[in-house]
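Both complexes below contain subunit A, partnered by subunit B and then by subunit C.
And now, the complex of A and B:
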C-alpha cells in the first residue's frame, strides 16, 4: 500500500454521505430476512453491523458476530449482477399507428450507483462481465452505461467462508484492481477503524474530502494481516492445473451421470453466479394487438427453453445441462473470453438446495480422468 | 378466428367440471384488466358470470375441473367438438386436483359411506385431468391459477402468438424477485425446485416452503429433492404428504409420493 489512510467508522458515514451528495445511489450489504443482501443503503446503520454468516454446501445461516463489525460477513446472497444486469428489462415497445409502426426503445443505464462493500472475488466477476458484455459488435449498452458510472468501494475480506475458494481462482481475498477505494476493517482490542486506499483519482479525491490521517506502519501491517489471515483460513480449494483441458477431455466421464442424479435442474446456481449472463427475450402484446413489447429476462442453461430450437432441444438430459454449465464456466469460457468464468465465490455451492459442490465434481473427474493429466 | 357474427370478436366459453370454481373466478377477479378482456372477446357462455348462454361453436373454450363421472366424459367430448381451441385451467383440469386423492382408495367404499342410496351415484374410479380424455391446446397450471397468466394465455391466443408461460422451477422466480432461498437460509423444506413457476413464488416470499400448487416443473428431479428432505430430518410420511396435495396425480408427484408410501 503506497498511500493508506486511517478512517474511523464516522469516516465511513461521511463517505456514504459524500457519494450521495454526488448523486450516487448507494448500494451495499444490508439485512434482509434470513440473509444479507445488496440493496439501497441510506446510512451506515443500514449495514449488517454485528452479523456474520456460516456457509456450507446448500446451507447459509446468519449468526451474530462481533457487535461492532460492519463487514464481518463473507458474501451476501446475490451478487452485484442484479444492478448492472437487471433480472428484467424492457427493451422496446412498438405501437401500431395506422399503417406505420412507432418504435420506442428503452433508455440505457440511467442509474448512477455507488457499490459499497464489493469483495475481491466480485471485482473479478465484474471485470469478467465487462468482457462478456463488450464483445465487438455484441455490446450490452445498458450494462456498459451503468458500469461506466459506478463508484466502487471494495472491502477486503476479514472472514473466510467454508464455501470460499478465491485463493484457488486467484481472485481474493484482498482487492487488487477495479476499485475506486478499498477498505480493510480492523477490530483490535478497543480500537475499530478502516484502512482506506485509493485505486483511482476519483477515489483519491473522495478520501481527501473525508480527510483521514495517514495510516501508521503498524496500522498498514494490521490491514495486510487481516487479508493474510483470511487467506490462511480458506479451506476449500479447486485444483486449476490444466482444468479447461481436463474437462474438455472428459465429456463422457461417468461423474456427469452421477451429478445429474443429484442435480435438481432448478437453475439456482446460474442465478446466483456473479458471471452467468444468459437471458431470454419475451414478446408480449396488449389485448388489442396494437402495442407489442419486448422484455429481457434472466435465463439459465438449466431450463428446457434455453436450448430449444426449431426441431427440438439439443440438451434434453439433466446430465447434458449440468455438463454444459460446468464445462462452460471452467473450460470453454477460457476459449471464449480468455479467462475462467469462475471467481471462487462459492455462491453456487451455498445456494444449491441440495448442496452440489463444483469443486467436488471437478475433483472426482480429475481423480478418474479418462486421459492422463497433462503436465503444466 | 370466425368470431361472433355480429361483433366480430372471438367467442369464448367457460366450462366447469369437478372443481371449486376458484380458477374461473380469477377471470372475474381480473379487475383492472377485466374491461379490456371483455372488450376484446365475446363471452358467449360463462354461467358463473352471466345468464346469457350462446350456443357453440366457440373460438376458445376454457375448462376448469377434473373429469370424475361417465357423464363428464361425454360432456368434455362434446365441448372439445364445439371449441376451436381448448384451454384447461387449474390443478383439477390439468392434474386431477385435490380430489384425485381418492385415486389411491376404493371409490365404492366412499360412495357407500357417504350416500344413503349409493346405487344412484355413477362415478369413475379415478379423478383425471381433461387431457386424459381429449386433446388440450394449452394447460394453464395452478391451484388456483394466476390471473395474469390467464389473461396472458387469452391474449396470446387472440394475437396468435406463443404465451409467455414459463415451465421452469419456482426457484428462478424466487431469484429474479431477490428472495432468499428458504431451504438454504432457513432449512425449510420447499417444493420450489421441482415445481413449475407462475405463482410469483408466493410462499417463499413469505418465508414458507413452496407447496407445489403449480405442479411438476419441466424436468422435476423429485427423488433428489426427497433425499434432501430426508437429510433435513423429514420422515417418509412427511415426504409422501408433501407430494400428495393439489397436484397429487401429476405424474412426477404421484410417483414420488408412492415411493414413500409405507
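And now, the complex of A and C:
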C-alpha cells in the first residue's frame, strides 16, 4: 500500500456525505426483504450492519454476523450491472406525421453514481463490460456516459463465501485496479476502523477532505492480513489452464446432456451474472397507432426465442442453450474480448434454483475430455 | 474519475441503435411474396450512405420492429438504395404493405463484404438459393461494370419454382455479358419451364471451373450452402477460396445484443460474409 489512512466509521459517513455534496447518487448494499441488494443509500445506517450471508449452490441466506460490521457479507444478489446497463431502457419514440415519421432519440443516462462497497471481482466485471460495450466501431453510448461518471469505493472482502472462486479467476479478494478509493474494514479487539487507500487523484482529494490520519504499519499489516485470510478461506476453485480450448474441443461432450437434465433454462444465471450483456428490443404503439416506442431489455441465451429466425430455431434443446452460455462465458468470450467472461463471483451458483455449479460442470468435462474419452 | 473507457475527444458518438429515416421511392414486386423497396438513401450519421456488396441494414417498420435485410442495389449508384425482401413474418409483412412516399427507419450498413478485390484477376463462381440472390446482386453489378478485371463469371441460381425467380430481366441481361454464364434451376418446374430442375449443386456438372483460380461466393439456406461448399471442395477449391453469407437472429446488428453468436463469431460484425475456414468446423455441429 502506497499511502494508507485510518478512518473510523464516522469517516465513512463523511465520505458518503461528501459524495452526496458533489452530486453523486450514492448506491450501496442495503437490506431488501431477505436479501442484501445494491440500492440508493442516504447514510451508513442504510448499510446491512451486522448481517452476513451464507451462500451455497442454490442457496442464499442472511444470518447475523458481528453487530458492528458494515461490509460483513460477501455479495448481494444483483451486481452493479443494472446501474450502468439498465435492464429496461427506452431507445426512442417515433411519431407518424402523414406519410413521414418524426423520431425522438432517448437521452443517454445522466445519473452520476457513486458505488459504495464494490468487491474486487465486481471491479473486474465492470472492466470486462467496458470492453464489451466499447469494442470497435459501435458502442453503447448510454453505458459509456454513465460509466465515465462513476465514483468507485471498493471494499476488500473480509469473508469468503462458499461459492466464491475469485482466486482461480485472479480477480480478488483484494481490489487492485479501477477504484477511486479502496477500503478494508477491520474489527480487532474492540477496535473498528477502515484502512483507506486512494486509487485516483479524485480519490485522494476526497480522502484529504475527510482528513483521516495516516495508518500505522501495524494497521496496514492488519488490512493486508484481512485480504490474505479471506483468500486462504476460499474453498471453491476452477482450473483455468487451457479452459477456452478445452470447452471449444468438447462441444459434443456427454456432460452437456447431463447438465441439460437438471437445467430449467430459467435464465437466472444470466440475470445475476455481472458480465452477461445480451439484450433484445421491444416495440410498442399507443392506442391511436400514431406513436411508437422502442425499448431495449436484458435478454438471456436461455430463452426459447433467443436464436429463433423466421425459418426455424437454431437452439431448441436445453443442452444447446446451457452449452452456449458456458462456452460463451469461459471460452468464446476470450476470443471476442481477450478476457474470460467469468470473474468467479459465484452468483450463478447461488441463484440457480437447482444449484448447478459451473465449476463442477467444468471439472466433469475436464475429467473426461474428448481425448481421454477416445482412449476408453 | 476512473480511467475513462473512452477518451473525451473520441466521443463523436455513433449511436448505432437510432435509425435514420428514409422515404420509399418505389415498390416492385419480384414474385408473389418477394418485393424490392427502392429507397432514397438517407444521411447516416451526417454522411452520405455508401456500402460494400454483402452488407446489410436493419430496416425498421413503424411500431413493429426491425429486420436485418441485405442491400441489393448497385453500390456505384449513390442516389438509390434497394432492399429485396421475402415476406415471411411480422416485420417483413409490414414492410410489404408500404407504398411510395412512406417512411422507414434504417441502421447500417453493417457487416462484412464479399471479397471483390481478392477476386480481381480470377474466375468468379456465384451460387445463390432463393432470396440469397439479393445480397449477391451488388457483387454481380460490380463484376459486370468492372468486367475486364475478372476472369470467367458463372452465376448459379436456384429457386423453388419458375414463378419464384428473382430479377428475371436482369438474369437475362447478365447472361449476355461476355464470358459470363447464368445457369438457373428450379425445384419444381411448370408447363412452360424448359430449364433445369433440381438442386443448385447439380448445376456444377454443366460448368468447367479453373479451380485454382476461382473465388466462390455462396448465399442461400444453410443446407444449400453446405452442399454447395462440399461440392466446390470436391471440385478442387480450397476452403480459402470459398465465401458464404450466414443468417442468425439479430437485434442490434453491431455486436452488442449477443443474439447472432456462432461460437466466437458475431454474425453481424464478423460476418455475415465469412471465408469458409472461419466457420466450417462449427457448421458441422448441431445447434451452435
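Following the convention adopted for this analysis, the second predicted complex is superposed on the first by the 370 of 376 C-alpha atoms of A that agree within 3 Å, B and C clash if a C-alpha of one lies under 4 Å from a C-alpha of the other, contacts with A are read in each partner's own complex, and residues count from 1 in each chain.
FYI, a residue touches a chain if its C-beta (ideal position, glycine included) is under 8 Å from a C-beta of that chain, and two chains touch if they have at least 3 such contacts.
Because the structure is predicted, anything quoted here is derived from the model rather than measured.
The superposed arrangement places subunit B and subunit C next to each other on subunit A without a clash.
In the superposed model, A:285 lies in contact with both subunit B and subunit C.
Vertex at subunit A: the C-alpha centres of subunit B and subunit C lie 70° apart in angle, rounded to steps of 10.
Looking at the shared chain after the overlay, A:60 reaches subunit B, while subunit C stays out of its contact range.
In the superposition on chain A, contact of A:367 is made with neither subunit B nor subunit C. Legend: residue contacts after superposition of the two complexes on their common chain; A:350 is shown touching subunit B, with no touch to subunit C.
In the superposition on chain A, contact is made by A:87 with subunit B only, not with subunit C. By the touch criterion stated above, A:308 is placed in contact with subunit C alone, subunit B being left untouched. With both structures placed on the common chain, the touch criterion links A:265 to subunit B but leaves subunit C unconnected. Of the two partner chains placed by superposition, A:338 touches none, neither subunit B nor subunit C. After superposing both complexes on chain A, the closest C-alpha pair between subunit B and subunit C lies 5 Å apart.
The contact surfaces that subunit B and subunit C form on subunit A in the two complexes overlap at residues 283-285, 289, 305.
Taken together, the subunit A residues at the contact with subunit B in this complex read 32-35, 37, 58-62, 77-78, 82, 87-88, 261-268, 271-272, 282-289, 297-298, 300, 302-305, 318, 350-355. The residues of subunit C lying in touch with subunit A in their complex are 1-6, 11, 13-19, 21, 23, 62-66, 88-89, 92, 101-103, 105, 221, 247-249, 251-252, 254-259, 261, 263-264, 266, 269, 285-288.
In the complex of the two chains, the subunit A residues touching subunit C come out as 91-92, 94, 96, 99-101, 103, 105, 130, 132-141, 144, 147-152, 178-180, 199-200, 202-203, 248, 251-252, 277-281, 283-285, 289, 292, 296, 299, 301, 305-311, 314-317, 319-320, 323-324, 327-328, 331-332, 335-336.
Put simply, subunit B touches subunit A in their complex at residues 33, 36-37, 39-40, 151-152, 154-156, 158-159, 161, 164, 166-169, 171-172, 175-176, 178, 180-187, 190, 192-194, 207, 217-219, 221, 223-225, 227-228.
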